[in-house]
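Some notes on the structure that comes next.
Should a chain be cited, it is by its letter among A, B, C and D, assigned in written order, with residues numbered from 1 in that chain.
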Amino acid sequence: MQKISYISKIRVRFNETDPLGIVWHGNYITYFEDGREAFGRVHGISYLDIKKNGFATPIVKSSCEHKLPLKYGDIATIETTFVDSPAAKMNFTYKIFNPEGKLVCTGETVQVFTDNKGELCLTIPKFFAAWKQKVGINFP
Amino acid sequence: MQKISYISKIRVRFNETDPLGIVWHGNYITYFEDGREAFGRVHGISYLDIKKNGFATPIVKSSCEHKLPLKYGDIATIETTFVDSPAAKMNFTYKIFNPEGKLVCTGETVQVFTDNKGELCLTIPKFFAAWKQKVGINFP
Amino acid sequence: MQKISYISKIRVRFNETDPLGIVWHGNYITYFEDGREAFGRVHGISYLDIKKNGFATPIVKSSCEHKLPLKYGDIATIETTFVDSPAAKMNFTYKIFNPEGKLVCTGETVQVFTDNKGELCLTIPKFFAAWKQKVGINFP
Amino acid sequence: MQKISYISKIRVRFNETDPLGIVWHGNYITYFEDGREAFGRVHGISYLDIKKNGFATPIVKSSCEHKLPLKYGDIATIETTFVDSPAAKMNFTYKIFNPEGKLVCTGETVQVFTDNKGELCLTIPKFFAAWKQKVGINFP
């Protein structure tokens, strides 16, 4: 199983924190998307890259496990990892670290491909196979 | 200047409140939209009604003046008022009241009409003129 | 393993939908919270009930599996189920249905208890044990 | 009337855009807060600086006028301007520009000071008067 990672940063917004003074748990899904899109822009597989190829990649599964809170103003580090699989899916895992470098949460998302009629793709789209080759992921 | 009002309710969500324990100020724009759409569903001028007629009504101006805070769990009352004008615009004013009936904030929004090419309508769309007549707003 | 369920409704807001015209996936975490709090208000175990007892219940895990999209204006049904366990935790599962009654997504959350100093509770707080008894969950 | 400005940038998130493919209007209030806090961090008058001095600065008024839309992925420029006044208030104006440098919207916010009991300050807090002097705003 081959992997590619990318590190990006986010700054916690005031309106992302709750009455307990910490980031509301659902906002980590936004941070995961920030990490995934930062990965995508660098590696040419962002939402807009995929759209240009005539596809969308709706999320079919997401999960998050929380270890520590983030608070207002924190600059957090997101490690986003593309985890290859033979299926017509995009799998990412995430680790978010607080300013002290401690693990805040881990998570994962699974995306499928739909074509421009909104139909689910049961086989890997050509552009995605080409992308894998370009970034050096080759099945034996 | 003729007016029509509608009263609706919202319940404050946990993730709409901030570290001060009160609704984050930007969320009142969401509550205004809730009020406007509740008005629109009852009076046949909601986002989906307008879309069905081939138009969109982007917001070009919004404002809010805050008097008192709302807190988590509050059931607030939104009074949404359509304020007629001869222009090709939709003007709404809003008053939000807390559970004790005290005024929390006032606000207003201004919307213009764009057609299905995204072009600004300089004259009142026919469906909107017909809507005004239906609800009893008639210019002398 | 004993369970209690509660059914509530939400209406999809315009700003909860994305450029694909469907609810952005992260917003289902908000709907889960809506369901959990609706359950809590009816069964006396809401955020405010828990706070009154001197505790908070931060989410330590959440997940969502998406089957179908919701779109703007949909009135969705949330089935929230408290799933008992002997641990000092609150576990909920969720099913969301679209207006046609089809399953949109499933999910779960896990919450722990922290006391008023923010310390993790390793044993079940008394008020929570009492709550379980009151709602008829009794371990043999 | 003396002024100080600061320029910062934001990148439009996917979940900040709506079914029309553009930023939902209420999200500009978030961008204004981003601009105000970027100003505050550089000039020592951010939310956390103010809190450290024992005060909060709730928003009592905000408004936004929209000229052009922003779309997903746009990197927008926020020009945040502190506009001095003799009152116990903080007034900011905002201009947001799209990647082509065209004006997207203008806006303003007004904040008051509350002390650590939540009481409204009718006179300018000492730390704020000192801050004005430090940044070179001096009344004749």
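Simple rule for what comes next: contacts are C-beta pairs under 8 Å (C-beta built on N, C-alpha and C of every residue); 3 or more make two chains touch, one makes a residue touch a chain.
This structure is a prediction, so every number in the text was calculated from the model and none was measured.
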| item | value |
| --- | --- |
| Farthest chain (mean CA position) relative to chain A | B |
| When chain C is superposed on chain D by its C-alpha atoms, the rotation angle in degrees, nearest 5 | 180 |
| Which of A-B and A-C has more C-beta contact pairs | A-C |
| Chain centre separation in whole Å, for chain B relative to chain A (CA means) | 35 |
| Distance from the mean Cα position of chain C to that of chain A, given in whole angstrom | 24 |
| Two or more partner chains touched - positions in chain C | 14-15, 20, 26-27, 30, 33, 72 |
| Residues of chain A that touch chain C when the two form their complex | 20, 22, 25-27, 29-30, 33, 56, 58-66, 69 |
| Chain A - residues contacting chain D, complex | 13-15, 30, 33-34, 37, 46-48, 72-73 |
| Residues on chain D engaged by chain C in the complex (per definition of touch) | 14-15, 17-21, 24, 26-27, 72 |
